[in-house]
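Same chain, two partners: chain A is paired with chain B first, then with chain C.
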Partner chain A sequence: MDWLTKFPQIDPAVLLTVKRAIDGSLRGLTRSYGKAIENFFYPLQQVLIFFEKMISATPWPIVILVLAAVAWAAARSWKVVAGVVGTMVAIGLLGLWGDAMLTVSLVLTSTIFAILIGLPLGILMNRYQTAGRVMSTVLDVMQTMPPFVYLIPVVMLLGIGRVPGFIAVVIYALPPIIRLTDLGIRLVDKEVLEAADAYGCSRNQKLWKVQLPLAMPTIMAGINQTIMMALGMVVIASMIGVQGLGLNVLQAIANQYFTQGIFNGFAIVGIAIVFDRISQAYGRRLQKHRSVGHE
Partner chain B sequence: MSEARSIEIRDLYKIFGPTPGKYVEAVRGGMTKAELGRAHSHILGLNNINIAMPAGRIQVVMGLSGSGKSTLIRHINRLIEPTAGQVLIDGRDVLKMSEDELREFRRSQTAMVFQKFALLPHRTVIDNVTFGLDVRGISHGKARETGMRWLERVGLSGFEMRYPNQLSGGMQQRVGLARALSNDAAILLMDEAYSALDPLIRTDMQTMLLDLQAELKKTVVFITHDLDEALRLGDRIVILRDGEIVQQGDSQDILLSPADDYIRRFVKDVNRGRFLKVDAVMQPGPPACGTGPAILPGATLDAAASTLAASASEFAVIVGPGGQPLGHVSLRQITAALSTSATDP
Partner chain C sequence: MKKVLLSAAATALFGTGAYADCGDMSLAVFSWQSAEAMSNVDQFILNNGYGCNATIVAGDTVPTITAMIEKGQPDISSESTPSLLGDVYKSGAAEGRISQIGTAISDGQVSGWYIPQYVADAHPEIKTVEDAMAHPELFPAPEDPSKGGVLQGPEGWGDTVVTAQLYKALDGDSKGFELVPSGSGAALEGAITKAYEQKQGFIAAYWAPTSLLVKYPMLRLEGPHDDAEWARCTSVQDCPDPKVNYWKPAEMITLASADFAKSADPAVLEYFGKRSWTQAEVSQVMLWMTENQANGADAARWFVQNMPEVWTKWVPADVAEKVKAAAE
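Up next, the complex of A and B:
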């Protein structure tokens, strides 16, 4: 009756061999192609460094001014602008300006990349229904897999540093933009699509003139979610050598510096609120004329 | 101005379901909608439709919801693929067109107006009106010029920079109409275009369509569930029920000789005086004795009755364009034609 109380598992010796074989081949892969992989990601690294330098080297008043201008352009509300400026000033006063800029640059670049990858994938997912279902499953896995797990192969292949951290953040932040692009296109009014067909739109015309503009509020919600996910990931990414506010939090955990943890935590929250308010206000403004119906 | 085109629909069948092709022969052989639904869980959308729509006239397709009228109009620009049959535009089969040919056909030959307007909410009124031109790749300036002209024609100048959701339903549908007219297409497809509008606005829009049509002479296919609207607009009327044609003809045919009880029920509630014309009830030739007030052919019975009532004579004389008497009609004949029971068996 032994098999009832103890699950009849595969022989541990076999499992061990399998694990060793996979890990061994992955390590072999790293050894033989490590240089090539690094070279492949070299341009990406340069892009990351460029953004980081650009944002870090910009004098703080200009950064605040630009953020205020973006906030105004997106929201057209003085309250939002005041909130954004206040938050940034508070972060600066706490002595976290430099780290905050590193985090902002990482979040910005990974969001841009996530949009560049995610938007076309969302469109494809919508266009090819079967492939879409497969992609949906992959996205489910991406969203539920603990980030630490896919950090392992990334670190094995690329070591620690900016690029692996960036890749981890992008993978983590990608699903919402893909899903909400697909959803946004699916929610476009059927009669409007019929009108587009009736007036002889080609598939691309329909996409650019009708589907994407009408899906834009939903896509903006996806971008907003993507930014939030990227920010949530910066602490985890700091474990593999990403600098910024996340690293300070990591140090605070390791050394039990409560106040440092709180300050940096709030700085991350502050940046999250700034991005969230700006992108949401923009999404809302897009929606102003889009409600179907009248009066 | 593009030339008017005739539309001919031949032996058209549409069956909805996973394997519609399998049942066409059975339906041709007389299987009914109910049998097909029960035994094979396919839905018979259109059954043996044959209509010849003359160029430059308004063809009304009337039926209640579920009669297949919206399905039918979507076959003309092939938004819906038929299961079997032909749709000929000036002899050219729409169903044989390649994807590119079909797109070109939709861009240049047809324009459609929708029941729920189907405007693009993110575009201003003028950008909605020029949508068809934009799709065809016509330059912005030229499209705008055309668009503004039609916007003025439908009475919406000054609203070009508004967004559709800032307009009332009637105004939105005028935008829809202006969008269709800007396309300068020979065929205008109107799918229950006025059904979502208030009665008064609907009458205004009908008048506008008749005025425009007098000038443009397009081939208009107008879908409606309202017999009054059908009688007012239609040069020719087709009545559908359960995907089949019950009767075709002009308004006089439908009012004076309804094909069956179904149509008789519809016709009962119509104000006949407004739609019946003296031509349909007059006795040919001049009256045997005496004379009476002159009426032009095409006058409604309402008009004839009030002319007759105001005069002392017994007959009104219908005179042709050259002044020759075509026929005569008495108040008694008019009253008989106006009474619904005249057509009841």
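Up next, the complex of A and C:
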């Protein structure tokens, strides 16, 4: 009856051979293609360093002014602008300005990349339903796979630092923008599409002039989620040497510096709220515009 | 505490043999391999030889030691390095909330800055940390090859603080170096593996005994050591004026919370008193673990089966019999 209580697993020796073979080939890959892979990612690394240097080197009043201007442009509300400026000043007063800028630059670059990759993928997912179902499974894997599982191979290939951290953040933050782009396009009223067909729109015209503009509020919600996910990954990314607020949190956890942890945690929350309010207010304004159009 | 009382009551009622009052205990295990091997061996021997119900609790060093001091749980840390724990341990030991009940590794543990053997062979003149700091071009930083890099260990480790202070004392910035935080032990090992496989140069804060050192031979750079300075500044994170001060071999001891040290079964305390590894023995177990991708539990079983000459010295003959029988 032994086979009933004990699952008939594959022979451990076979499993071990498989594990060793895969690990060995990864190591072989590092040895023979490491340089090439690194060169491939070199432009990305330079872009990341450029963004980081640009944001870190910008004098703080200008950063606050730019953020306030963006907040005003997006939300047209003095309350939002005041909230954004107040949060950034608080972060600066706590002595976390430099680290916060490193984090902001990582989140900003990975969000931009996620949008650049995610928007077209979302459109494709909507257009080709079968491929969409496959992609949906892939997105599930990306969202639930524990990051360290793929981080360590990435570190072995690329070393520690910005690029592997960036890859981890993008993998984690990409799914919402893809899913919500797809959803937004699907939610466009049938009647509107029929009208577009009646006017003789081509497929591309329909997409760019009808579906995407009407899906914009949902897509904005997706971008908002992407930013939140990217900020959530900041601490994990710091475990492979990405500098910024995440590293402080990690240090605080390991040393039981409770207050340092709270300060840095709230700084991350503060940045999240700033991004969230700006992107949501923008999404809402888009929606308002639409409802006006309907009246 | 309730659990302990319950199991004590149960053993009083049913009386299950010679070491029955051993009861529940928790063993702390840390994320590195030697701690995993040692804690699991302790668990195997205590559970099978002494009839204990030892469980293993995973955690990071400082949080775990803090929990032992503040909450009395976990009961045992099989392998700790007091000199790297700094104030947390010192104040806990001074208040009598945590104490040493045995030696973990008799020849201790040693941290340092390591450079790969192939670089050391090509440049035999590099022996000390100062020598290495004169050659930033040999140890390119991962993201900025124009500078030299010193890979730091996991955030929150004592070694990481020492590395930062040593770097500050050597004035690495002005010598064309930068300090590269790795964030976690896994990332540090990944970075070392990557650099080694591609035969690149690097300086990494690392420690022995570790299986990575067996797999990838590295040379430990040398440096001066001063105990007083170590306590004053080198191991203190916020100390503003560090001097060049290097690790000496640190003792590796077994720690117990005060409650446990008072109330534990004397036989168990005797076991921890006698149980002591050497670096070579631990390295052997770790090498086996790495080669077979085994976890701590597998390693404990393998160790009991294959290295009886080591552990049978730690336990009475009747216990040894039981442990041996359980490993079959």
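The rule we apply is simple: the second predicted complex is superposed on the first by the 290 of 295 C-alpha atoms of A that agree within 3 Å, B and C clash if a C-alpha of one lies under 4 Å from a C-alpha of the other, contacts with A are read in each partner's own complex, and residues count from 1 in each chain.
In this text, a contact is a pair of C-beta atoms (placed from the backbone, for glycine too) under 8 Å apart; a residue touches a chain by one contact, two chains touch by 3 or more.
Worth saying up front: this structure is predicted, and the values here are computed from it rather than measured.
Room for both chain B and chain C is found when the two structures are superposed via chain A, with no clash between them.
Applying the stated contact rule after C-alpha superposition, one finds that A:A198 touches chain B and leaves chain C untouched. Contact with neither chain B nor chain C is seen for A:Q280 once the two complexes are overlaid on the shared chain.
In the superposition on chain A, A:Q260 makes contact with neither chain B nor chain C.
By the touch criterion defined above, A:L214 lies against chain B but remains apart from chain C after alignment on the C-alpha atoms of chain A. In the superposition on chain A, A:I49 contacts chain C only, with no contact to chain B. In the superposition on chain A, the chain among chain B and chain C reaching more residues of chain A is C. Contacts of A:T30 after superposition on the shared chain: chain C is touched, whereas chain B is not.
Of the two partner chains, chain B is the only one touched by A:D189; chain C is not. Superposition on the common chain A brings chain B within a closest Cα-Cα distance of 47 Å of chain C. Contacts of chain A with chain B, set against its contacts with chain C after fitting on chain A, share not one residue. The touching residues of chain A, when paired with chain B in their complex, are 189, 191-192, 194-202, 205, 209-210, 213-214, 216, 289-295. Residues of chain A that touch chain C in their complex: 16, 19-20, 23, 27, 30-31, 34-35, 45, 49, 148, 151-152, 155-163, 238-243, 247, 250-251, 253-256.
On chain C, the positions that touch chain A within their shared complex are 60-63, 66, 88, 142-143, 151, 154-157, 180-184, 186-188, 190-191, 193-195, 197-198, 237, 292-293. Of all residues in chain B, those touching chain A in their complex are 77, 79, 103-108, 110-112, 114-116, 118-122, 131-132, 134-136, 163-169, 172, 183, 189.
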